[in-house]
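In structure tokens below, several structures.
Both complexes shown next keep chain A, but they swap its partner, so chain B is in the first and chain C is in the second.
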Partner chain A sequence: MNVYQNPYNVAKMKEAHKLLTELTYEKQPLKMGYANRTLHINVSENTITSKPVTQEMKDVFTGGRGFDMKLLWDATNENTKWDSPENEIVIAAGAMGGITQYPGAGKSIVCGISPLTGAPVDSNVGGYFGPYLKFSGWDAIEVQGIAEKDIIIFIDGDAGKIQIFEAPEEDVNSHLLAEQMCDMFAKNEQEKKAIATVSAGVAAEHSFFGCLNFSFYDRRRQVARLKQAGRGGLGTLFRHKKIKGIVCKFSQLQADSNHVADLDRIKEIAADYHRELYEEDDKQCDMRHVGTAHLVELMNDYDLLPTHNYKFGRHDKAQKITSHVWREMFTQGIPDGCWYGCTMQCAKSVDRYTLRTGPYKGDIVSVDGPEYETAAAFGANMGIFDPHFIVEANFYCDTYGIDTISWGTGMSFVMECYENGIINKEITGGYDLSFGRGEEAIEMLHKMARGEGFGKIIGLGIRRMKKLFVEEYGADAAFLQDIGMECKGMEYSEYVTKESLAMQGGYGLALKGAQHDEAWLIFMDMVNNQIPTFEDKAEALHYFPMFRTWFGLQGLCKLPWNDVEPADNGETDEPAKVPKHLQNYVDLFNAITGNNIDQQELILQSERVYNFQRVFNLRLGFGTRKHDEIPYRSAGPVTNEEYLSREERYDKQLKEKYGWDPTGKSVDERRLKMRFFREEAYQKLCDAVYDRRGWDNNGVPTIEKITELGLANSGVMEVLKKYYQ
Partner chain B sequence: MNIMVNGESMAWQPGMKVRDILNIRNYTFKMLVIKVNGTLVKRAQWDSYRIPEHAEVSVIHLISGG
Partner chain C sequence: MKVLVWDKTKCIGCGICENVCSQTWFKEENREKSRIKIITSESGLDCNVCNQCGECIDVCPVEALNRDAQGIVRLDANACVGCMSCVGFCPSASMFFAPKEPIPFKCISCGVCVKSCPTGALTLEERPEPLERVFYRRHF
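After this line comes the complex of A and B, so read on.
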């Protein structure tokens, strides 16, 4: 249980509510994973309406992220900007979302036009909201418009009622708001698990990379836990709409709330998986004890842990933030699933942590995570190898509504700029922002939350900071382009990609920006050498993004797919695909929906949505080859310091791989030659991937491809015609 | 004398075991599938399985993760 020095008063909050509108609706049972209608809310006009889900929508867009993108497309136009009133937050669960038998089936997928990138963004998040929304009768919710004053949207799935009310007294910060919603809408402690809240935080108001928190009530800890839809600034959009929270209440969860086609088959598949997980997890990734933080030492060992703004992949102090530290700090022996039935239990928490800084200094709280990305970004990339700093900053990022990846990568960029004299104390307001300066870094976070000083500048994100530093402080634009780790305006997540061309493509060719959730190919490429040719890499950059898109269509978590694998997986033909789990997903989808798809149709379902999203990018003026460009640090050493740190490796490659003898050449010459070869390779990779995906050499889906996928409707063709004229 | 490990040349020593390759390459990841000249070497044999001269060794790291 969290302990606050300034307790809140829910009765006072309720008194201040002003009901703006409400809708009572008839509840109807789901049919084979679908509610068959979606909810549209306009907070400018205070309207609440229901839309039917047609069979065609299911056939083309499947659900989850597919529904999100389709609804967002229909609601917006080619001139829509992130802050236009018609832009929406869209949240959906997917047809498989909410099953409790198979692990990882409680994800929500959130979409909107991103404040950070200007293009559509999707984010996959745990917590109970998505399943509860669906069981309350809605496959998706669209929230359009901008409210006049701060509001809360309350969906009562038990009573069949939706309300929008002004809510001036509730906190904006998520750790408080999520608990306040439980206290407000649950009749008693037992019922708090029926409350799921979506919220952001005050820093989301002053940055372009605000995140959304999705809550679930943890009965054993007696706290509202928070999972993050981190990427792309959806929290910023949420607060721009003046929404404090979207709350869903649903207390009637049953083993078959989805009313599936074949529950026994689902149980059979799941029983086998659970047995495998219990037998293998300790020997493999140990997700149940340390979550994704097990990756810290692994990435350090393989020279992949981003250190000092991705200059290096390893650091001598890394053991201070590796999994043995987190194993100690995380409470062990308590179920940690972010949805019912997830035996992978990786949603770890540091409990009874006393905050040391900021507005909640002295409060005792539970902190969700840190996950690998957060530990790597705050610890290694910013050079602050202090677990307490990582936990403290993790807590504040979450409750303030800030994406830990964008903040961590953004701070690393700022630190390198500071060490290069591009910015100085005069600009930062007297703060030394060198690598390793934890106290100053956390102060920047608090300043961002208050919308003050240089903290607010960091909230611009790397792309906007680069422009500002060039225009205001005379920085060298080319150097900032090289070291600013963003693509399409989104900050890189935490992997060094210099030695894996395929992974450079994994980031650069991802639809929404530099996130690794489409493809993580570093081991296949750099270590195993399984995909040596451009065609091999292109095949991987076709298959894996399509397969992984499918998780978003279904409301699934990616982790149970390959963070534990069958004991004999290595003996299969294509171990990287984890064939047994892949077949599980096909069988589960059929058992839920009553369909009869195979592995090819699974990929096709994704391909339709993936290509549609690429066209959506084009509609907004993005999505061509130039938008797939990556900063050179993603591909190779920018500075002589970096070159010399791996001199033997680079010299060997120049000689053996590229046939150029480095003997007697200066570091500058060798570094520039390496750059030439690597940049050329990235362009060839783009050619190969575009070809494999059925796109032209500008990265635009061909008319044939779009027609083949059944997407050739008037809106899509109108966009494509502009590119093919 | 050399062997090939994941397509890259590596010095061979008499008496070399699978475990030695993992140590030299700092392959610390647990989810590995190892084949020597196409033959699967099970985990229990990693400390004892001798690597012949000129062997083709593949050490496949199974994570597709991240």
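After this line comes the complex of A and C, so read on.
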């Protein structure tokens, strides 16, 4: 239970509510994973409407992210910007979402046109909202428009009622709002688990990378905990619409709330998987005790841990933030799944943490995480190897509604700019923002929350900061382009990709920007050398992005797929695909929906949505080859300092891989030669991947491919014709 | 607390205990739905039944598993959401599930099998209650 020095008053909040509109609807049971209708809410006009889900929509878009993208496409046009009223936040769970039996089946997928990139973005998040929304009768919710004053949307799935009301008194920051919603809408402590809230925070109002928090009530800790839809600024969009919270109440969860086709089959698959997790996790990733933070030492060992804005891949102080530290700080022995039945339970928490800074200084709170990305970004990339700083900044990023990845990578960029004299104390407001300066960094976060000073500048994100630094402070644009770790406007997540060409493509060719959720190929490529040729890499950059897109179509988490593997997985033909778990997903989908797909059809379901999203990018003026360009630091050493840190490796590569003798050459010469070869390799990779995906040399899906996928409707063809004239 | 104990030297593998158990709790003679399993293999007979260790209590996400006043670990069917976590994480694999039953089930030391066993292979024996392993009660 959190302890606050300034307790809130829910009764006073309720008194201040002003009901704007409400809708009573007839509840109807789900049919094999689908509610078969979606909810549309316009907060400008205060309208609430129901839309049917057609069989064609299911056949083409499957669900989850597919439904999101289809609804968003229909609601917007080629001129829609992120802050246009017609832009939407769309949330869906997917057909498999909400089954309690198989781990990782409670994800919500959120989409919208991104404040950070200007293009459609998707973000996959835990917490109870998506499944509760579906069990309340809705496969997806679209929220369109911009409210006049701060509002809360309340979906009561028990009563079959939806309300929009002005809510002037509730907090905006998520750790408070999520608890306030539990206190407001649950009858008693027991019922708090029936309340799920989507919220952002005050810093989301002053940055372009605001995140959304999805709550789940932890009955043992008695805390409303938070999972983040972090990427792409959806929290910024949420607050731009003046929404404080979207709340869903559903208290009737049962083993078969999805009304699946074959529950017995699901139980068999699930029991087997839980047993595998029980037997293997301690020997493999130890997700159940340290969550994704186990990756810190692994990445450091393989020279992949982003350090000082991705200059290096390891650091002598890394052991200060490795998993043994988190194992101690995380409370052990409590179910930590962010949805029922997830025994992987990676949603770890630092409990009874006393805040040291900011508006809640002295409060005692549970802090969700840190996960690997946050520990790597705040610890190694910013050079602050202090677990308490990481936990403190993690808490404030979450409650302020800030994406830890974009903030961490953005701060790392700022720190390198500071050390290079591009910015100075005069510009930062008197703060030394060198690598390692934790106190100053956290102050930047609080300033961002208040919309003040240089903290707000950091909230612009790297792409906009680069422009500002060039225009206002005379920075070298080419150097900033090289070291600013963003692609398509989205900050990189936390892996060093210099030695893995396939992973450079994993980031650069991802639809929404530099996120690793489409493909994580570093070990296949760099460590195990399983995909040596361009064609091999292109095949991996086709298969894995398609396969991993499927998690988003279904409301699934990626982690149970390969963060534990069957004991004999290494003996299979394609261990990287984890064949047994892949087949589990096919069997589960069929058991839920009553369909009869196979592994090929699974990929095809994703290909439809993936290509549709690429066309959606094109519709908004993105999605071509030039948008897949990556900063050079992602591909190789930008500076002599970086070259020298791996001199032996680079010299050897120049000689043996590229046939160029580095003997007697200056560091500048060698670095530039390396750059020539690596940039050329990235272009060749793009050629191979586009070809494999059925796209032209400019990265545009061909008419043939679109037709083959059944997407050749009038809207899509209209967009493509512009590129094929 | 009383724990069901099986004596290998007395069991003849007749299966009466399984039938009686499923009849008692599911109103049908169906060994798949028994809370005690007598297993026949090449190495002879074996038995799988809950020893009331309570490891499953900490695994349950909805606190549907608890010890009753007698120390027996019981599943609250109204609270259970059928997630199967306890099935996978039971150290002795003694939490069972069966077709057409949405939620798992386990032995609660009711003793009907003891009374029906023709050879006296099953007994309810008093055992010390294990140390409470529920961490959160210490922390929160």
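As a convention for this text, the second predicted complex is superposed on the first by the 725 of 725 C-alpha atoms of A that agree within 3 Å, B and C clash if a C-alpha of one lies under 4 Å from a C-alpha of the other, contacts with A are read in each partner's own complex, and residues count from 1 in each chain.
We take it that contacts are C-beta pairs under 8 Å (C-beta built on N, C-alpha and C of every residue); 3 or more make two chains touch, one makes a residue touch a chain.
No experiment lies behind these values; they were computed from the predicted model shown.
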item	value
Three-chain arrangement built on chain A, chain B and chain C clash or fit	fit
Touching partner for A:F544 - first (chain B), second (chain C), both, neither	first
Partner chain in contact with A:T100 - chain B first, chain C second, else both or neither	second
Contacts of A:G710 with chain B and chain C, given as first, second, both or neither	neither
Which of chain B and chain C A:L253 touches, first, second, both or neither	second
Touched partner set for A:P29, first chain B, second chain C, both or neither	neither
Partner chain(s) touched by A:G430 [first = chain B, second = chain C, both, neither]	neither
First, second, both or neither for A:Y273, with chain B first and chain C second	second
Centroid geometry (CA): angle chain B/chain A/chain C, rounded to a multiple of 10 degrees	70
Closest Cα approach, chain C to chain B, once both complexes are overlaid on chain A (Å)	22
Interface residues of chain A shared between complexes with chain B and chain C	none
Chain A contact footprint on chain C (complex, rising order)	58-63, 80-85, 87-89, 93, 97, 99-100, 102-103, 133-136, 139-140
Interface residues, chain B side, partner chain A - complex	6-8, 26-33, 40, 58-66
Residues of chain A touching chain C in the complex	1, 100-101, 193, 219-222, 253-256, 263-264, 267, 270-278, 331-335, 337, 340-343, 351-352
Complex interface listing, chain A residues touching chain B	283-285, 295, 297-298, 301-302, 495, 516, 520-524, 527-530, 532, 544, 559, 562-563, 565, 569-571, 575-578
